[in-house]
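Before anything else, here's the structure in question.
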Amino acid sequence: MRIHIVNPNTTRAFTEKIARAAAAVKLAETELLVTQSAMGPVSIEGYYDEAFSVPGLLQQVREAEAKSVSGHVIACFDDTGLDAARSIANAPVIGIGEAGYHAASMIAGKFSVVTTLSRSIPAIEHNLVRYGLMSRCARVRASEVPVLDLEDAKPDALAMISNEIARAKEEDGAEAIVLGCAGMADLAASMAKTHGLPVIDGVTAAVTLIEALARLGLKTSKLGGYAAPRHKSYTGMFSSFAP
Amino acid sequence: MRIHIVNPNTTRAFTEKIARAAAAVKLAETELLVTQSAMGPVSIEGYYDEAFSVPGLLQQVREAEAKSVSGHVIACFDDTGLDAARSIANAPVIGIGEAGYHAASMIAGKFSVVTTLSRSIPAIEHNLVRYGLMSRCARVRASEVPVLDLEDAKPDALAMISNEIARAKEEDGAEAIVLGCAGMADLAASMAKTHGLPVIDGVTAAVTLIEALARLGLKTSKLGGYAAPRHKSYTGMFSSFAP
Amino acid sequence: MRIHIVNPNTTRAFTEKIARAAAAVKLAETELLVTQSAMGPVSIEGYYDEAFSVPGLLQQVREAEAKSVSGHVIACFDDTGLDAARSIANAPVIGIGEAGYHAASMIAGKFSVVTTLSRSIPAIEHNLVRYGLMSRCARVRASEVPVLDLEDAKPDALAMISNEIARAKEEDGAEAIVLGCAGMADLAASMAKTHGLPVIDGVTAAVTLIEALARLGLKTSKLGGYAAPRHKSYTGMFSSFAP
Amino acid sequence: MRIHIVNPNTTRAFTEKIARAAAAVKLAETELLVTQSAMGPVSIEGYYDEAFSVPGLLQQVREAEAKSVSGHVIACFDDTGLDAARSIANAPVIGIGEAGYHAASMIAGKFSVVTTLSRSIPAIEHNLVRYGLMSRCARVRASEVPVLDLEDAKPDALAMISNEIARAKEEDGAEAIVLGCAGMADLAASMAKTHGLPVIDGVTAAVTLIEALARLGLKTSKLGGYAAPRHKSYTGMFSSFAP
Amino acid sequence: MRIHIVNPNTTRAFTEKIARAAAAVKLAETELLVTQSAMGPVSIEGYYDEAFSVPGLLQQVREAEAKSVSGHVIACFDDTGLDAARSIANAPVIGIGEAGYHAASMIAGKFSVVTTLSRSIPAIEHNLVRYGLMSRCARVRASEVPVLDLEDAKPDALAMISNEIARAKEEDGAEAIVLGCAGMADLAASMAKTHGLPVIDGVTAAVTLIEALARLGLKTSKLGGYAAPRHKSYTGMFSSFAP
Amino acid sequence: MRIHIVNPNTTRAFTEKIARAAAAVKLAETELLVTQSAMGPVSIEGYYDEAFSVPGLLQQVREAEAKSVSGHVIACFDDTGLDAARSIANAPVIGIGEAGYHAASMIAGKFSVVTTLSRSIPAIEHNLVRYGLMSRCARVRASEVPVLDLEDAKPDALAMISNEIARAKEEDGAEAIVLGCAGMADLAASMAKTHGLPVIDGVTAAVTLIEALARLGLKTSKLGGYAAPRHKSYTGMFSSFAP
């Protein structure tokens, strides 16, 4: 089966890290199609960046659909553009935030999220409320490490993330941790070992979950909000994106 | 005071209808700046259209901010791009859906929403949950009248909307109705008269509420998710939108 | 338009402070009718005081209705008697607590309330739950300043309130503050300046919001719990209040 | 032990019906003190009546406290003035609505309420939300029988109530019924027999529950919103009610 | 009336403590039938112990039903097997956890629970959510005193429990405390005195509440999930338990 | 990897149907260990049956743990004994109900459940609330087909299930269906085709999801309620089950 993973930011090193994490966990028979948005922000930190990452992401989803993929993964922890992507996909689509929450919910009573900047907390909380899983989340925490600082895996950044995990365990009663950024994909194993609790990276969780849905033959339902867009004109720089 | 109203779709007749509705209710001392997205869908019906209406909308918000407006109204009932707009605005920003829900909550115990197509229901419900007002909403109903059919005010379209209002009153126990599309702005008075209950149009509600906030001197808080975007590069067709 | 503001306590200095705050923000064309309950407690601090402030408040609402007002403001942060007032009013009625929460919800993701005594916290929380806006409130805090101590604006009282605002910002992650007493109306501007976040006074918020509803021509819905009282006898000291 | 039951309306026949229902279920060792408000509405149907029934009710509670009662029952299904009564009582206080919900929650998964007029539904729903038991309530239904019509137990009134119970069982999946008016106290047994499910009358439920709390030696907590009222002046017709 | 109290653990000293607590509060006319599970864990601390305490508990409930009891009390704070017990009982059944929450809800706005080990917290929280009373609970706290250590009432154990009560009052704003283990039944009075707030023991609360329900003639509803088990075969060591 | 699937009822034909469904979807490299409870009810229909299916189920989980399995599936839609199983498993454990809800949540906005008998509805609803996914469930419906009737796949049974699916689509606005019994595992494909929406069988969903979790190397967290049972004595027929 062919699985599409799209990085909605435009930083090549980020896409490569995602591809490595995905490759390490995918099924042997899975062919990964890892893409990156062709336009928009180099990192997604807050609502404004998110808005400009969606069109490029949708372009990649549309092109991947034409290549008969069995599933899509949106590799940004905000689950950027998830609803819009579902409306143009027949294959199932999951975000890495969503994947992390579902995985955590199946191995622990309560989990905490440790993300990058505090400005991203409200969007993550909104997602948790919409998915229904807010009651399973003890707290969404920010390490205050900017997204692109994760590229260098500086000791400082690691310490700040590790410190938040320790506080989540101690103060929130978290039984598991969901790492709140695609750029943290390489930290799950070591953080789990250090802190003695399950630490979930959304990228790898999303790859295995989308493979699971695909193997079940499940498609995105077209009965509600994910119905295919109606035909109509788009104007200006988006005219070629008209459904 | 100067108030900015942005129509995030690209249909001129729609913008004009919005401008007329706003002009009819604004304060004498208010100068209206009514704009329209320069790119994107001719109507917003579902998540995909919404995604492509946000960049153009944000462009208008940014330009209006430079003109010292005291408030912004997003004139699409999905409250398209509301969070992103707030992150680049110092002035308060409200969506017409949000305005309708708040107004209804202050004059009735429970209200129902009557919108256009059923595919828009989930996005409206998500907004109600996020705003906290879902418990005040008896039901979100679709009249199945497409957005642009509202332009012609065909008797059929009116009958379909009127019929849903009747059912909301009878079946949901709705004490007030919020009309779920900017294109229904001209129907509130006649529907209220026909059905004997308050019927709220979001455009006019938003104009008076944003004037209220502006007169209080309130600004959008910059402490949480609405912090100004961080400086960074945007690539491709969005390079000029970089914060 | 004529707007009625009723102070449900019987302290003249309080009514005057409310009148000053309202006058400073009202529209030029608005005529304010500021009244005060003719009987009951000199300040409202808890459920018992509240119970004895309602009859006098309703008397003022009834008399104001006879003077064709376009809206009523209940100038106590507990939103004392709000439901009963709506049942005898055709014009819209809003409480200053309610007004503060709605205004805060439109400019911030989460707000905290800073009120007078901790005994008032449960009633405020009940209101937030009923209005649906509890999910938008980070915390309701008490400064432990009694209501009438606000009259003198003693430095001590100011410091106690300021301290709670600082804690709300730090500990609750509040993005805005709603001041929880009509007697704090004169503190909003200075507290906002000191703490660098929006601080909302309910009195001024209520005045601009009721003007907004009135300009929309909205009336209190009579379909549900706000239906006009049924005719019947009242006995004893309340015989003249029979509907 | 001495238990105080207060009817907050001023209809003697109502008080007598309550007294009979209570007498039939009380413990042998319990002395009932059944009182009636000395002023206010002859029946409580909606928020306005409720407001004018509270002062007279509180007067009875205060006088009963002076007689060393071990508990108070507020015999109106709206649980009129419950919070204010608790603030002046050391003994526990329960409302008959509250009692009915708690009893139903201990013998059934979900219950429906069948009350008098639909205007009372919102107040009952608010109470259920505050008590936390809304999730246990399938639906609050109105029979549209006015309170005082229950006095005559007309066949019509009985049929309307019976019909709502049938619908609650069929349409709501209700496993038990809570009768929503003190005036229905004499109907529980026959309705239970007719419909084959538990039917709970709040008056008798409240008597046995308050006896249970009293026998446990429990008092109303004075730590939060039920703290004793602060000393202060009341003016006008309420001057003698000052705490 | 005859009331059945079952201790679902197999420790005789525990059963005796429960019997003493119950005897001290029961009505004179109540005959107590205190039983103990004939098989399973000596104490119930977590989900695994709970699973093995249910069959023995149900055996006692079934035998007691044959003796025409008017009600059953499950004397474990987890309300072990409550739903299954209700499905084989015509008489009402209440758990001591459930009883404690209901009693606390009638005398205080918010309560905290102080239980034994932290591993029991999630099960208690699940119960509170199911009963609907989670919104009334400020926090569930563990004293980290194992169940059987309560038998000896060691000063250390008492100090640890007392310390959690102090923190609940201070940190949670708890207005009342529910003691979270049948083995704490003898501590309520002294802890209430020490800390100056109502402290509720579930055993005594359950006895008085089940007497209340029994005196009302209420039975467990058989319309929903508590319908009598269908006839069928059970195999192996459970063959004699077949319904 | 080795995956353990346990049928907690004692009907061989049921276990075989589950094994066939699982075998059809498992990864090539997965070795299935399909077991069946050695004692207890032949089918699980309600709380009483559930109670007697847990000990046998836990026995199978314990034995499978000793064989180094990478995950456990509990093949009863009530997710019987899930919490207790997690407390004795290091490998992850998921129930087929839980699996169905998570899968449905990733491909549809709202789903309905179609189960066997209405007496099972409350237990399913409790699970949905605990998992956090109740807000994603439009309605839990009963087809009134008893569990063992599914063995014969009688046309009547199929028609009753199909009819409920049709009603879920029409009346609930369900976008996907979760089949509410392990015995319906063979119906998903045909029902999906007939009704034109995704239909999810919990058995196959659980197999692919547990494989996903296992491949991620995730274990059940031992920090909260799933901590290993404490050592202690069990008496009577359960003495050999002591932890």
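Just so it is clear, A, B, C, D, E and F label the chains in written order, and each chain counts residues from 1 on its own.
As a convention for this text, a contact is a pair of C-beta atoms (placed from the backbone, for glycine too) under 8 Å apart; a residue touches a chain by one contact, two chains touch by 3 or more.
Worth saying up front: this structure is predicted, and the values here are computed from it rather than measured.
Greatest Cα centroid separation from subunit F: this falls to C. Although subunit D and subunit E share one sequence, what matters here is the overlap of their interface residues, and that overlap exceeds half of the numbers used.
When chain centres are defined as mean Cα coordinates, D lies farthest from subunit A.
Here the CA centre of subunit A is 44 Å from the CA centre of subunit C.
Centre-to-centre separation of subunit C and subunit F, using mean CA positions: 52 Å. For the pair subunit A and subunit F, the distance between mean C-alpha positions equals 28 Å. The set of subunit E residues touching two or more other chains comprises 109, 122, 224-226. In the complex of the two chains, the subunit B residues touching subunit C come out as 25, 27, 92, 94, 98, 102-103, 105-110, 131-136, 169, 173-176, 189, 197-198, 200, 204-205, 208-209, 211-213, 215-221, 223-226. Of all the residues in subunit B, the ones that touch subunit A in their complex are 10, 38-43, 45-52, 54-56, 58, 81, 83-84, 86-88, 118-123, 126, 129-130, 146, 224-227, 229-230, 232-239, 241-243.
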